[in-house]
Every structure is written in C-alpha cells, then in structure tokens.
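Input: structures, listed below.
One chain, chain A, appears in both complexes that follow, with chain B as partner in the first and chain C in the second.
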Partner chain A sequence: MFTDELGQGGIPAGGPGDSAGHHGGAGESLVQLITPGGERVSHPQYDAWVQDVSDEQLGFLYEDLVVIRRIDTEATALQRQGELGLWPPLLGQEAAQIGSARSLRDDDFVFSSYRENGVAYCRGVDLADIVKVWRGNASAGWDPYTVNMATPQIIIGAQTLHATGYAMGIQNDGADSVAITYFGDGATSEGDVNEAMVFAASFQSPVVFFCSNNHWAISEPVRLQSHIRIADRAAGFGIPSIRVDGNDVLAVMAATREALERARHGGGPTFIEAVTYRMGPHTTADDPTRYRDANELEDWAAKDPIARVKGLLERKGLLTGQFEARVAAKADAVARELRAGCITMPDPEPLDIFKHVYSTPNSWLDRQEDHYSRYLASFGDPAGAHSEEGAR
Partner chain B sequence: MTQMTFARAINSGLRKSLENDPKVILMGEDIGTLGGVFRVTDGLQKDFGKHRVVDTPLAESAIMGTAVGLAYRGYRPVVEIQFDGFVYPAFDQIVSQVAKIHYRTQGAVKMPITVRIPFGGGIGSPEHHSESPEAYFTHTSGLRVVSVSNPQDAHTMIQQAIASDDPVLFFEPKRRYHDKGEVDESIDPATALSMEKARVVAEGKDVTLVAYGPLVKTAKDAAVAAADEGVSVEVIDLRSLAPVDFATLEASVRKTGRLVITHEAGQSGGLGAEVATSITERCFYHLEAAPVRVTGFDVPYPYSKLESHHLPSLDRILDGVDRALGRPNSLSGLEG
Partner chain C sequence: MIKEFRLPDLGEGLTESEILSWKVAVGDTVALNQVIAEVETAKAVVELPSPFAGVITALHEQPGTVVEVGKPIVSFEVEGDDGGPSAGGPAQAETAKREPNLVGYGAIVEASGRPTRRARTFAAPAAATAAAPTGPPVAERVAERVAEPAAAPVVEPADIRAPAETAAATPGGERPRSTPPVRKLAKDLGVELTAVAGTGAGGLITREDVQNFVGGGHPAAVAVAGAAPAAGIGSVTQGERETRMPIKGVRKLTAAAMVSSAFTAPHATEFLTVDVTPTMELLARLKASRAFEGFKLTPLTLVAKALLIALRRQPSLNSRWDEANQEIVQFNYVNLGIAAATPRGLTVPNIKDADRMSLTELSTALTGLTETARAGKTSPAELSGGTISITNIGVFGIDAGTPILNPGEAAILAMGAVRRMPWEYKDEVALRQVMTLSLSFDHRLVDGEQGSRFLADIGAILADPGMVLAMV
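The block that comes next holds the complex of A and B.
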C-alpha cells in the first residue's frame, strides 16, 4: 500500500524554505507494510522482500525494538544522573534502526552518525562500549573491525564519504559485501553527502545511503534543508531511491534488503529515505519546546514504531503473556547490564592522553609526556594538579 | 553599567550592530528560532526578522561561501560557526576566498565578514566541540583574528569586528559564556580601545604572563596566587591574535625580563611560538630567561575525562612562572 500519511504535509507555504517539498517524482509515495494501527497491508513490490519473516522472527524484531528503546531510556537516565556527559536519544527512530540493521550481513560495514546506537546494539557492540564515548572515557567506544561498524561520526555527513570509499574497496576486492551509511535529514545539506553520492554513482559502488529523516536538525525543520522530498534528490545523482515509512520495521527491512541485494549484485548505490520522527530532544542538552509544536509530537506518537508491531502481534494472536514476559525480562537484563557496565567503567589514566596519537613514537609528544609526568610527580596530591583552581 | 553574562554581552553587541547598520546580517545553524545552541543570538530573529537573522541549511562551506557573495553585494555578514570543530568544512572558503579577495582585487572588493566561533574546552563535551583552531587562522594572511576574555570586551569588540572592513575571526571562550561581568553598553566602539590592542589586566614587575580568551581568567587567578608567594606577575590579555600588539608586550617584557605565554591550543606551531620568537627578536637583551610556553599538548583534544590534564591549569601556569624565574619547578635539573 502506498500512503502519504507520513509526508511532510501540513507545512505552511511561505518564503523560500517554507514550502516543504511536495513536488513530484517517486517520492510522492511512501512504502508501508504495517499501518500505525498494526494492520499488515500488502504491497505489490515489497511484500516479497519480507516474505520469509516468520512469526517468530517478527517476535524478535519486536524484542529488538523494545530493547533499544530501553537502552535509550536507560542512557537518558544515566545522563540525568550525571553518569553520562551527553546522550543523543533515538526515541521514535527504533524501527528505522532495527529494520535496516537486522538486514545486514556480518561482513557488511556500517558508517553511522551519533544517533544509531540501536544499530550498534544489533552489530553486537558491548553495551558499556555504546555509552563509553558519552561518558567521556574515550573518543570512541569500540574497535570498528570487531563489529564491522565504524564508531559514531559527529562531523555531520563525513561518514557518507567513508562508506563510499569503503564500498570502492569492496568493489576492487571483488567481494559481495556492502557498505551502509546512516545520516540525518540535516546532513543532506552538507557538501560531503552530495559529493559521496557523486562518487558512488560514478563508480557504481556497493553503498546504501540510509537517510533517517526525523524531521529536525536540532531546531531546524527539514523544509529548511530540502525544497523537495529528500528521496527525490537521489535521482539527480542517478541513484535509485525509495521513501519508506521509517516507523515500520518491516517496510524498512524490505527497502534495505532490496538495496543491499542491488549493491551485492553490481547494481550500485541506493538511497533510502526513512521517514520518521525525533520524539525526544536533539540531545540531552537540548530543549525542543523552544522551537517545536507539541501537536506535532502528538501526531507522531500515534505512529509509534513499537505500538504497531505490538498491534500486529496481537492480531496474529502472538502477544501472549509468556512472550511479553520474555521481552520485558530481556529489556530489564539489558538495562541492568548497561548501567552496571557504565558506572563501573574504569577511568582513564592521565598519561593515556598521549596514547595513540601516532602509530609509532613521536619525539615532540614523547618530550611532552615526559615533562607532564614529571609535573604530575611534583605534586604530593596529584588530584589537585589538574583542577582549574589549583592545588598550591 | 549592567551586570550581564558573557553570552548576553555579545547578544547586546550584535543587537547594536544590527540596529546601526542595515547591511549587517547574521547567518548560522540554529541561530534563529533557537537563538543558537549557546543562546548568544537569543531573540534577535524575532526582533530583526528572518532576512537579517538567518537560520541556514546545515552546510558550513555554503554558509561561508554565501557570506562572500553577500559581502560582494555590500552586506556585512556575521557568521556563527556552531562549535570550533565545525569550522573545517568552511576552511576552504575562509582561506582561499575570504582571506584573499581584497588582495586579489587590489582592494576593489571588501570582505567585512565576521566569523564568530565558540572555542576551547572545559565543558565536558564529546569530540570536535572543544578545539582551539586559532593558529590556522593567525597563519592565514588577510584575516584578522581576535579573542575576547570578558563581557565588556565581548560587547565592544564584536561591534568593532563587525565594523571592520577586513574579515575578522572572532573567538569566544565557550566555557566563560555564563560568567557575569559589568558591561557599559553606552561605550562607543569607535572610541574604545581598538580590538587590535592588547591590555595589561594586572600589573606586575617580575614576570609577564600573556593569555587570551578563556585563560585570561586562569592567568589572573595565577597572578593572585603568585603574589601570595611573593612573585609579582603582570598579566596581559592579548585580545588580538593577528596582528599581535607586540608594542604592549615589549614594554612589559622590557620591565619584567621574563615571559610566559599560555593557550589551550597545542604547543607546536601555536601562537605561543610566534609571541616567544617575536619578543626574543625585539628585546633579547632585556630577557633574563628563555620564554616559557604553557599550552595544551600536541594531541587531538582529549575525551572529557582527561581534559583537565590538557587544559593549562592555574598550577601548570605557576609552574611555568617558576621556570621563567628560575625557581624550583617540575623540570628542575633538566636542560631546557
């Protein structure tokens, strides 16, 4: 079924940037397989891509959605309690992350932004490692090669080029894995993202551009970034695109599987616009009441990605007490492990600051490290040695 | 005189510039409705409209490049870069265009662009949010570079920067945004101390301590602590990083014979190197000791659990002062 209910509708016409892309092209339609009410609706093209998803697997997708929402809630709580410096909530975007990440093969490689912590969970990143960087204990939480996922990118859009280059490498190697890159609606304005699409199209590289259009880039609405629907931009680069209901885990899975298959078999890049909504603040430091309407939030709450799968399971008679208990127990266990891993994480040592700047010794830095260790040693109480107020 | 925060003082300076010159136009990410992530532009879009205070799409190179076009057209753009680490996508436009167009056109085209950059660390942020990139710009001919250390200067100097017909990189110490100070909003920026001049903020006779931006406060605190130990430190707020007001520094060093310079940015190729060399050239025979630098390390800005080690602290500055004075210090016994 094609529907437009998740479109960028209802936006007032006005000056430049105020008329939200309503114009033509493939983007007029939105692929949806589960309605917000939890009804499985058939789709002539995309049903086939998720035909093999059994009831049991649907149950696991539901579990994933619940678990990453719980990770998000727990991390937000940890930030409020002072255990994390900052956290970028993914609330509302669970289906986009689970539907895509659960479509990947182990040997595919992910280049994401800071918000895809649910994707990191799917890749098997250790729970404490997911929050390590937000606790300020490292610049990155994990070794990218152990999970085939680069650590989150903060420079908006930069990762799309990295994915494209990685895909060029896959191509040269004659392998059939795929690089997938996640970025936001705001990111599509950056030169890097546009240049990545030029390269990917030119070399027909096996890369999937996964744009999570959550309608906001901090305080800026998507209409400021794009005068047309974001998915429609891809055509200008010669890249096929699809606009999918990003709150529908099955539809996202179908779209991602199609794109991955195309890439694996020499069909080049695909652009996926997952239409979703950032239900929380940009980060825990943000106050969205300054710039957005509470009504908008209500509209999107009605399209919740978890509620609709729950509805579908219920219709299918799969939502048993036993099943719900299993999911709840799993979410509880994950939250406990995350919290424990976070608060017991060992602090870095002062001289760690000099580590890994270079792969081999560097004479400038060695001298600075030597001097700083002498400096620290000159204090009876080293704790005071690095406070702004001083110890003397 | 009014008590106000650093951020408010800049806001009020921006407001004056918007009021006084219809060609002044503010551009940046989240500066309109939100008022900027640090609220420095709070309320300005509401009062001056969307055409004067512009929320731009998320693209720094485009912000800077279109600022160039607006300047060609006679506008005076004031660009906000959200955080120091996000200036690099705009680097090409700044270095290759903004800095060179006046020279390229033999003075026919002016580039009165102000680039506001919240910079420096100390707020516990993730990567790319705490950098001190000023030396890239002080190294670039055609740019003026300033940094402010207190609300009054912030208020006055932002207006001077906007009024300048040359491009100005304006570095705001983000960890001091909430610090309060007395601000006299009636001061006329045209007759106030020029933004090109350094200022002696604490007089002393034993050592000259040069700082700018966030570390001026730390340097002043260090001078107070040193006084307790019987050492008289003269603190200079550099204010202008390019060009440096060497005359003021020279006069001080001729008096004290000793120089310490501190910045958060890494040491190698930093502003401290330029100041130390130039002062050595200018008053070698007045120096009693080699100039001392107390800086961040030559490492990418570290994750927040370690940033207090990276940032020059009061004690590290005092240790540097001891070195300049030949008093016992952490490097005693080492050669140079």
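The block that comes next holds the complex of A and C.
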C-alpha cells in the first residue's frame, strides 16, 4: 500500500524537531530544509542551492508568504461579500508558490493553473487584475507579455502543453530562459500533462513541471489518482524528478533552482512534486467537510508553511516587533489595494468581448463585431459606438 | 450613512441561503471582514465577513430563515461617505441595486420590458502594485527589494455608474421578448412568437406560454385525438420547387410531445442484439397449436410479453417523474403503449393493464389496438395513461434507433427487424435469426444498472424463452 510520509498514510503529524528523514522510511526522497517546528536541517545535496539566502532575504520570503495568504483571505472575503463570483483559495500552498516563483528570472515564462495567484503576485501582476476574471469582468486578467506569465488555465493540465511548446520555442531562439508550468496532482491524470511530458523529454526542452500535490482534486484524494508517488511517474517519461516538502519555502526554492539551472544548460525538463496540502475548500463554492476528515486538516495545520519560517526567524532572533509590524503593514496595504481595485473596477463594455480574440484582424469576427455594435447602437446609447473605436 | 448588505450568491448559481446564526447584534461595532453571520447554502455552511466597518443598525432576517439572494440582510451605520478605507463604495451600492444574475440563468429581464444600458464607468486606476519581479538568483533579487511604504494609496472610488436613460420605446418592428431556448422551442413547434402573449416578467414569453399556445399545456399524445383535423398535407401549389405546409394537427402535437420529451427527460439509449431463433421457433409452434387458433401472433406479441415479464423485475422502468409535485410515481400496473403509424401520423395508444393479460388476451388487445389506430378511430382514453411503450421499427426493415420517450413515461423499447445473419451458435458460425433491441430510458428515473438489467432480461427471454421459468 502506498503511504505518504506527509500524513496521507495516517502517519501522525510531525511535531517540532521532526525531519523528513524520520518519516515513513522513505524520507530521503522528500527534500526538506526547514522542519515544521522551524528547525533548519541540513541536506547534503540541496543546502548548496540556498546558501546565498541571507537573513534579510529570509525575512522577505516570510513577508511574501504572509502577503499572499492575506491576498487569499481578502479575496475569499470579497467572494462572500458578493464582489467576486468565485475564488480558488491557495491556503496552505504558500511556500510552494513563493519558493518556486522567487527562483525565477524575469525572462522565464510561467504557465499556471487557477490556484497560483501567489505566483502571479510575485510576477508583479496588478492585484486587481488577479481578481478581474473571478469578478467576471474579463475573460483574461492581464497581458501575459508584460509579466511573462500566461493568464491562469482553468482547463486542467492544458497549460503544460503551452509551456512545453513555449520551451521548444526558447530552444529555437537559442535563449537560456525557462518555461515553468504549475499544475495539481489531479492534473497528472490528464492526457495533456502526459503528452506535454513526452514532448518535453523527446525534445529535451527547457521546461519545469511543477506539480503542487495538495492531496485533493476537488473531492478526489490523490491516492485514488496515483498508485505510486506522483514524482515517480516522471521516470517513465525519462524526466528526472524530485519530491520536495512543498510547505518548506527553502526546500522548494532549492529544488526549483536546481531544475531551472538544468533547463538553462541544456539538461532538459525536470518534474518537481511539491508535497503540500489544500487547507481550504477547492473553491469558495465547495464544502470540504463533506468529503474529508477533520483530522487530516489538523495534521497538516501542524506543518503550516508560514509557521515554520516564523519559527526559524525566531530561533535566529530575527522576529522583532519592528519586523512583524513591517510585514503586517505590508499585508494590510496589499489587502486594501486589492479590495479597492476590485470594488471600483469598471464594468467591461459590451464590445470588449471582441478584444484579444485574435492578434490579427479576422473578417469573421469583424463581421460579428459590426453586427453587435449596430445592435447596441439600436438602443440609442452612444456607449456602443463610443467603445467601438476602442476595440482592438 | 446607512449601508445595506444584500445576500450574495455564495456558490455558483445559488438562489437562496439560510441564515444559521448572527454573530453580531444591533448596536455592535464591527470591523471590515469581521464574521457577522453563519449561512448555509445548498453547497456549504459559510461565514459571512462584514463588507463594511461600522455599527450594526438592523438585522433584517431571523436565524432559521431562508433568504433569497439579493435581499438585504443587515444594515450598517458607516462613517462618512465611503465608510473607511475598504468600505463598499460605489461598486457596492451598485451591486446592492442590481438583481442577482446567477450563473447559468441567462440575462436578467429588465422590468421596463426594454434593455437598459449603463454608462461607461471610469475608476481611478489602481495604484501600482507589489514589487516587480526581480532577477536571479534570489540573492540579488531579494536584496534589491526595499521595504515598501506601509500603505499603498487607496483608490478613491468615483461613482459614475448611474444607469443611462432607458431608451424610449421604439415603435414597431421589435422582436417579441423571450429567451433563446424558448425561441428554439417555438421555432421547433412552428409557433410565431408575435402571436403569443407573454406572461413572464416584463411580458417575456415563457416556455409555458408557448406550450399553452400549442394547446393544452402538456403536449402529450393525449391531446392527439382531441385536436387532430386531417393533418400533414396542406395545399400544394403546382410547379413550386418547395412546398410549404402549415404545421398543425397530429404533426404539430407529435412535434410538441417529442420536443417536450427530448428536452425534459434526459434520455439514455442502450442496444442489445439477440439471437431470437428460439423465439421464432416458439412463435411457429404456438401458431400451429390448438390453443392459439384464430389469434394473430407476431414477434411483437412475444416481445411485448417478454417486456412485461422483465418489467416485474425492474419496476423503475414503469414509473413517471412528477416535476410539479416533486414525486416519482411508481405504477403498479402496466398500460403498454404501442407506437402506431396511422394515416394521420404517429399515435401511441395503450393496452390497459397489459401485465394482467394472458398471451391470448394480449394478442387480441394488440390486434384490436392496431386496427383501431389504422382506422383513425382511437379514442382519447386509449391514448392517455400509458406507462411504458414499444415501437416496432422492424416492420420498416430497420435494426436500431434511439427512440424518444412518450412524454410522462420512463422507457420505450424499439424492436428491430428479424434478420438471418451469421451468428455464433454452439461454437460455430451459423445462420441465425437475429434482432436488435434499442431501449431508451429517462435517466432521472432509471440508472444504467436497472436499464441494462431490464434490457438484458428481455434479451435473455427472447434468446431462450425457457428463461421465463427462472424469472417469474
């Protein structure tokens, strides 16, 4: 029977001092650098990848973790207040997102799912643009090329193909940037993901497959999706893989940096399984208490990604009142900006629907637009004609 | 100023929620996002965070009440115009005015009967956000970052979302108001919407309006005999390249019945091809026997009998979905409908209490029913109250199809032609008499399991009539 040392197999939560090496007997396959109790444990291979991370930078990583959790709670509140139609919380997955996103270069390109809103924040996506789609104001929130991050993919796993295709383009350009694609455990059951891995391996493309194994695909537990560890699937494609504690921001950073370096230097794709946990519902329309055990959530709460960095900062004597106040102020400011940007967002114009469908003129679409604008004009409201010129 | 908070759609497309409890009382001062209530939707129990910072002035709904989305549930006294840094502002007020337009429910019908449009809104652009992505490795990148000023500027909400003027009614030429599915229904039924009076909000023409226009609200086969002037062929103008016939009579009612059935009952169809040689042999023996002298026995008689026997083991195929009363009606009798092609079109008269009939009685009833139908003399009583049907497409030389349910019934069996075909028989290929059975069922009432077992039972009887001994 497949057991998961991070709790899936019913192994009790790790308390302070627990390290991956002590779990379940197969611990060495799970890279961990900070224990749930906030102790920095050394790792023969991966320490080197994060030895440049200074105390100050650790502080910034902590701030990032706190800020994206705050973005998430604010967006959840906005949904409950009727300002967003839906929101997919990232609660519990902060370290996987920050550790990986903060390892990227500006010219790397991100292809994510709907849940990587913390990654979008790191890429510099405008806060209001992050929630635009969830408010129903646009079919896509931002221009991918301004931040080198595609807008989130809802079709499970499709973004892995986009990333692989983009990575093949990087090869044709002879560049040394990398495409990284984020997807869930459930997505690994999709044909798209498997096809993307076949292509990436065949062409040795510079793409990083970052799987956030949050243990659930809506109400389907990961153990039903995969009878082996997800990271072990990669071997079948000839892609090297690593299984990392996804609640450990340093370990995730080390793993991502290693994968990026490999890709930049012609080493081809890497598969990263970040073992984490979706602590909230699948989306704001979901009630996980109907299908999952409260004990499981409790076990994972003990491995919280933010608490362990806080613990580490405390051990290092870096958790001063001033520092905490700075982080709190930053989180408050981001939340305020997100809320203001959301609730004052202008409604889209009817003809906006025709924007960004094709990058070049399309006669078929032009015809539809023409018909629709004439229809709008029949209401005698100049807005239709007004925004027509703005289209495209 | 007083601000109201209206119950939002908390899931995707919910219309109501129940207030479980209030976490605050009138007079309490609450902070933004402070939990003020616990609410249960059809999907989950959720906490409602306060959209304002202020003082509660009224709780409009008691715990235990089911509240419609869009109804005010709580009012606040909020400082100043915008109620503090994060209070609702114009968008909030606008949201409050708006009717809930739920996911998948289509556009809201404007009360005015004509669409109104909102003027373009310009809000101050949101302030530039968090640190831009920085370069590699994290060392340099993070080091570059300076602690941001504590507070990002808050966008001043500017309200210019006033609804634009409602366009003055334009005279004439306007399409009657309806929704795409209803337009489609009307088109399928050949109904001109201009002729139909809308009873929906703002004069909207609803599905019921169209169905009522066609006649009788429930366009079931029942109505056939009642209406039915000589149908089908209208005036044909000589020499035209196309002939236009008014849609009326049986054609019209059949169409309405088919459309209503196809679009209300989710159909699933299964097929089974059976070696019916033993049944055909039995048929020959029975015909030759004394007991059946003077009775008209056909493959249909035996298929009908097989269906009636199999039905006892799967009663859910003999039931009805009662949408109005939210009940499933399980029939403890069988009125067996037989689709009959008549000069006036398709009718489905039924044999009352067919389950209690002997084979000779069933044979007599079938003969009588088909003769009456062909003569166009079927009575309304014979057309109403069917519980399950058979259609014999085999007489047209057809093997299989996906029959559409007779409205109100849970299943219909199509029997295909009996063909001599090479078939596996006793470990060899032999020429056998083979028939395909097609069973459609209403998937609301019948799961794949029951449907499959039912079809398999009928097949087993026809493949080996002796199996009946094991079933009854």
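Assorted remarks:
Keep this in mind: the second predicted complex is superposed on the first by the 326 of 392 C-alpha atoms of A that agree within 3 Å, B and C clash if a C-alpha of one lies under 4 Å from a C-alpha of the other, contacts with A are read in each partner's own complex, and residues count from 1 in each chain.
Simple rule for what comes next: a contact is a pair of C-beta atoms (placed from the backbone, for glycine too) under 8 Å apart; a residue touches a chain by one contact, two chains touch by 3 or more.
Predicted model, so just to flag it, every value in this text is computed and none were measured.
In the superposition on chain A, A:86 contacts both chain B and chain C.
Judged by the touch definition given at the top, the superposed model places A:371 against chain B, while chain C stays out of reach. In the superposition on chain A, A:317 makes contact with neither chain B nor chain C.
More residues of chain A lie in touch with C than with the remaining chain of the pair chain B and chain C.
Of the two partner chains, neither chain B nor chain C is touched by A:174.
By the touch criterion stated above, A:105 is placed in contact with chain C alone, chain B being left untouched. In the superposed model, A:347 lies in contact with both chain B and chain C.
Touch criterion met: A:191 reaches chain B, while chain C stays clear of it. Touch criterion met: A:67 reaches chain C, while chain B stays clear of it. Once the two complexes are overlaid on chain A, the chain A residues touched by chain B in the first and by chain C in the second are 85-86, 285, 290, 347, 378-379, 384, 386-387. Residue ranges of chain B in contact with chain A, taken from their complex: 29-30, 32-35, 37, 50, 55-62, 85-86, 88-89, 122, 124-129, 218, 221-222, 225, 229, 267-268, 297-300, 302-306, 308-311, 313-316, 318-319, 329-331, 334. On chain A, the positions that touch chain B within their shared complex are 15, 85-86, 114, 133-139, 154-156, 186-187, 189-192, 217-220, 224-225, 285, 290-291, 347-348, 350, 352-354, 357, 364-365, 368, 371-372, 374-375, 377-379, 384-392.
Against chain C, the residues of chain A that register as touching in their complex are 52-54, 56-57, 60-61, 67, 73-74, 77, 79-83, 85-86, 102-106, 121-128, 147-148, 253, 257, 281, 284-287, 289-290, 326, 329-330, 332-337, 339-347, 349, 376, 378-381, 383-384, 386-387. Here chain C touches chain A in the complex through residues 5-12, 33, 43-49, 51, 85-86, 88-92, 95, 103, 115, 117-124, 126-139, 141-143, 145, 147-155, 157-158, 161, 164-165, 167-168, 170, going by the rule given at the top.
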